[in-house]
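Here you go, one structure.
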Amino acid sequence: MKYVIIGNATAAIGTVEGIRSVDKYGEIVLISSEPHFTYGRPLISYLLLGKTTEEKMNYRPLDFYETNHVTAMLGRTVTSIDKNIKAVILENGEKVSYDKLAICTGSRPFVPPMEGLDTVERQTPFMTLDDAHRLAELLGEQKDKDVLIIGAGLIGLKCAEGILHLSKSLTIVDMAPRILPNVLDEYGSSFLQRYLEDLGMKFYLSDSVARFSTPNHAIFQSGMELDFDVLVVAVGVRPNTSLAEEIGCEVNRGILVNTHSATTVPGVYAAGDCTVSHDIAADTDRILAILPNAYQQGEAAGVNMAGGDKVFDQAFPMNASGFLGLHMITAGSYDGEAFITTTENSYKKLVVRDNKLVGFILIGDVDRGGIYTSLIRDQVPLDTIDFDLIRQHPQLMAFAKAERAKKLAQPH
Amino acid sequence: MAIEYLYPQFEVLRNPDRCIACRVCERQCANEVHHFDTDLQKMVSDESKCVNCHRCVSLCPTRALKITKTNHQFRENANWTGEVIEEIYRQANSGGTLLSSMGNPKNYPIYWDKMLINASQVTNPSIDPLREPMEIRTFLGKKPTTIERDENGKIIPNLSPRLELDIPVMFSAMSYGSISYNAHESLARASKAMGTYYNTGEGGLHEDFYKWGDNTIVQVASGRFGVEKDYLDAGAAIEIKIGQGAKPGIGGHLPGTKVASDISRTRMIPEGTDAISPAPHHDIYSIEDLRQLVYSLKEATAYKKPVIVKISAVHNVAAIASGIARSGADIIAIDGYRGGTGAAPTRIRDNVGIPIALALASVDQRLREEGIRDNVSIVVGGSIRNSADIIKAIALGADAVYIATAALLSLGCHLCRTCQNGKCNWGIATQRPELVKRLNPDIGSERLINLLTAWGHEIREMMGGMGINSIEALRGNRLMLRGIGLNEKELEILGIKHAGE
Amino acid sequence: MLKEGQYHIPSGCAISGIFHKDGRRTDGTEIIRSISTMHDRSNGLGGGFAAYGIYPEYADCYAFHLFYDDPSVKDICEKFLEEHFEIASMSRIPTRKHPSITDEPLIWRYFVVPRRYKLIETQLSEDEFVVRCVTRINHKFAGAYVFSSGKNCGVFKAIGFPEDVGLYYRLEEYEAYSWTAHGRYPTNTPGWWGGAHPFAMLDFTIVHNGEISSYDANRRSIEMHGYKCDLLTDTEAITYIFDYLIRRKGLTLEEAAHVVAAPFWSTIEKMPPQQKAEYTYLRDAFAGLLINGPFSIMLGFTGGVMALNDRLKLRSMVVGEKDEDVYIASEEAAIRVIQPELDKIWAPRGGEPVIVTLNEDAQGKE
Amino acid sequence: MKRVYVNEKWCLGCHLCEYNCAFANSGVDDMVKALKGKTIAPRIRVEESDSINFAVSCRHCDNPLCVKGCISGALSIQDGVISIDSDKCVGCYTCVLSCPYGCISTSEAGAVQKCELCTKNADGIPQCVAGCPNNAIVFEER
């Protein structure tokens, strides 16, 4: 059996490990247009922040490809797939045949049309290690650059976190009326915004750049104008689906996969940010571009490609997105009855719908928050636990005795 | 009132350099001696509440604690000792009988320590228990009087019901109520593992413990708590309790506060009522009445169970035993004056009864003189403290021994002797769930098994030293003992020679 | 110093035995030669012999051998004998002077039959009556001691080396189908002839090499059944045990052997159920009669002899066979010296009794 | 594989496991020196109510969501033991978010901390287990 994996990030590594958990010897070829050894993609902001170094960013030990017998073709780009001859075709025309194919192509930055954007010299998206390198280079070490970030989503804010200490000033603009609109509720957004503003970030919300004029001057829809030295465009991402689409995989914004990570084309699997998954918290299909999901989807793809049987059906949004000392974890959907506790330094919101916890936000105190996540993941009926107790703080005490025994006295 | 004040008996010594304020002591003391003072930011103690059970000392991870006797004292007086004076104060305060627990702690002679054991030299070989079989299996029950044979001349094994012990040590009666569920479970499991028996005491048999019936002696005491047909059938033997070494001649009293649902069910009395065992059995006012009870119980159990009659060692013990040996009983258990209890009037515990070694020696000799020693087995208890005590008891003539205090010690008891308070920090003499759970029967039974295993090794070792490889060759073998520091009368009663003779 | 009978004396020993299965009778020369080979196993403080088939002319009489310390006790004792027995014959036992045999008591022999009316009066069996009388003499009459009381058999013993004792008693003048001999190595100087071995009770005679560690347990158990251990010797206790088990309780020799040298529980566990039940029964019912510690014994009785080792075989004992003769001794040399050509020789395992009896056609002729 | 299992029936709520854990992971050879005057941050924690107590520490799952969700590869399974490479950890807390048992805790140092069965500090047996006075925590194969 020969496996080909397109991609080299979380979903791809999950696929490798999934395959190897079933098939120790089948040939694996991994092809990635990035030339780097697999690295933790979200670490790029921490690299700038100084919490990690490039040497430590490897997502797996450096002998990973060897120990897993993976032929890694790095810096090579798949341009198309010929499903009739079951081969992928590289940029130089080289063909790599496969028996089973995994598409883990991730996503690419989405850049909306902005007048004069092409005139901005010192700009970068913030998706890859190369982007981080470029940004560091643009900023230099003098702390003398005014930075403008377009986008107050996760990418924009993580970037902001990473470079605040390297910037003279940092301004973030977003069309949305609040920051992290996909992750937080309104109170959470404002809580976080206040915190970040206290650290020196400036936000322009419900606004956007109308046009850029040289040199490095932005004119906003609201009429405000701003000079900057460095521009980061972090408006959003689009899944890379074209390879899949071309061979007939069904695509609806992202590649459609079932709970076995199989696409609609036999023998072809897909995992990670390029796919659409079923969000069990909101009970809808959507792109869930988050790392734990990517890994588990990839792992399921790998196991199933190798003839095993693994289902991943517990996808839902979850984010650990602390910023500069403010810890924050969130998960699920906020559509339902909310139970809120606030203090000066913390915010907690639990969202209940149909006798289940469907979402939560923990800001400040995140201790043992995974227990809440498990309630969403396992769709635990809340009348089987002591919800009043678990609302106070996450604890196993809230589960019934037999359930506790299962958790603590059995192997998992 | 000042006149009622008694200075605390103990001092809690906390080494401030070692205390890390982990508060284990605070959490573990049911007497609430320790607490963390948030103002002072350190642990403090109220030693007036301390009973010296060492729970805190044992659990302190940094050895920051120890308990000492206070050196606060009255003016020295060999006659009016501090203890005597304080007891008078306490009675003048309360007007009540003084209560104590566990066995007689007074400085009476300990006869076990006045006997020495023999060993072989030259004229016959000692035996190495690691190389040769060393047998300690023991049967308890009547010996047959006639040999019966079938038509082919084969012996018919007409043995009466008996107990078979892999080690001649049994756990003596401690009721569920006086000790905890977990203590009972520990005893039951250890008995099964070691091929011996534990004893329900007079508290009935908890429904969970019927499964260990083959290793259980069920007791019938004067209160008849929990006695019914299934109970009698459940055990391997039935013990009629006439007396207890710690409190000969008096009954027992389990206060209603301790009669919680489980205990009330097991004892078959209403919840919250006092469980009072009368001083005598009110159907036994004489020896012939005992015979009737023995046979009633045998009838009730189809003559399948040996019947034990347990008495405390009192002055006339030999004559009483002679009567019991003719009553139909299969086993006589004799409890010496050092025997323990969950609660007894102090004066009785400390002044009534006689030492078990003397009682045993005179009973065994008397029954032999009357030729009725084979009618019964003799089991002795009342402070068997180690394997040497067992060797000595068997050499004096005992078939087996009963242990209880030693068993409780292996379960964690530190002999603080405040069982009567029901706040045993070791989870033994208590019914409070949060305290009971401190005794995990996995640990408890293992420790009991360890104790008996260790004693088994030592018994075999000492037997081997004497050139004996089967316990029956030690039984009543008084030549293997010599007295030390005993007077002629004591030697005569014990039936042994003095060391050097 | 305390004398024999006042405390328990450990001792080591030599034993030897000759048994003619065909009932042929031989004189005492051979047995003396055999026991003298093991001279070093004795220390001159006791020697003795038992012989079976030596009094055919008085075969129906109990042959009492008595030691008297002085003539006065003899008179008292003989009065007692007169009262209880018809005395068919009485005489000194013939001896010859020997330089190393000293401090001789008066040694007398009586052939007696219990008086009929005494038996009726006491309602005892003949044997039991004799036992009680012997016990009474040995107990009540200080200075008198019955050391042999069986029919057509006799014990001869004294302080001295066994070969000297044999010469002293002129054993070359007796003819027996079964001889046993004993040389003693006590660890003190008992100074009393009664303490020498064999020890006898009716026609049971015991020679024993060993020191039993269960002594007091056995003594106190057997004394419950009417026996009185006066000598405080192992041999005495063992004799009573066999008497009790065989004569009083009706056990077979094998069964009795499995009481005193019981198989280990581990062995019993492996037996078939019925056998297991029987052995368990014997161990349990007669627990106090299990003998511990080293011993090799020969139990002589009318028409046979049983040799038995302790369960661990802590004492040496070999058995040899040649034609119709069986030899038993502490050492092989003691057999080879009188019968160099053996058909078979073996060391019986601990606890396994070797029982030899007269051939069927020889029985009744003894 | 041997894991730490908890039987709440026997947990006394004495919290010794927490102190033994904190000591074992302190790198100091004397408990007093290691813990005196400090607020401990153990990797095992006791939950308590009026009558129920139990300790909770990493279950070392066969299917560890923490490892699968780790963005940096700092969490990994080594011979069944889920270990944290605190050098690689950036303190994103995805594992805190993922762990169904609440067994990964934040720390002052930034990197998360979790039970590693004392594989890095003591031989043989996890110290919470070694010090448990009532076998409420055991280390065994199940």
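First chain written, first letter: the chains are A, B, C and D, and each begins at residue 1.
Basically, contacts are C-beta pairs under 8 Å (C-beta built on N, C-alpha and C of every residue); 3 or more make two chains touch, one makes a residue touch a chain.
The model shown is predicted, which means the values in this text are computed figures rather than measured ones.
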item: Chain closest to the middle, measuring from C-alpha centroids that were averaged per chain; value: B
item: Reference chain B; chain at largest CA-centroid distance; value: A
item: Pair with more cross-chain C-beta pairs in contact, given B-D and A-D; value: A-D
item: Whole-Å separation of chain centres (CA-atom averages), chain B against chain D; value: 43
item: Whole-Å gap between the CA centroids of chain A and chain D; value: 28
item: Distance from the mean Cα position of chain D to that of chain C, given in whole angstrom; value: 78
item: Intercentroid distance (Cα basis), chain B paired with chain A, Å; value: 69
item: Which chain pairs touch, all of them; value: A-D, B-C, B-D
item: Interfacial residue positions of chain C with respect to chain B in the complex; value: 7-8, 10-12, 187, 210-218, 220-221, 223-225, 249-251, 255, 262, 264-266, 274, 277-278, 280-288, 290-294, 311-312, 314
item: Complex interface listing, chain B residues touching chain D; value: 17-20, 22-24, 27-28, 58-59, 61-62, 433-434, 437-440, 442-443
item: Interface residues, chain B side, partner chain C - complex; value: 120, 123-125, 127, 132-133, 135, 137, 139, 143-144, 147, 154-155, 157-159, 162, 368, 371, 373-374, 397, 466-470, 472-480, 501
item: Chain A-facing residues of chain D, complex; value: 1, 3, 5-8, 47-49, 52, 54, 56, 59-63, 65, 68-69, 71-73, 87-88, 90-106, 110, 142
item: Residues of chain D defined as touching chain B within the complex; value: 9-10, 12-16, 19-20, 23, 31-32, 35-37, 51, 131, 133-136
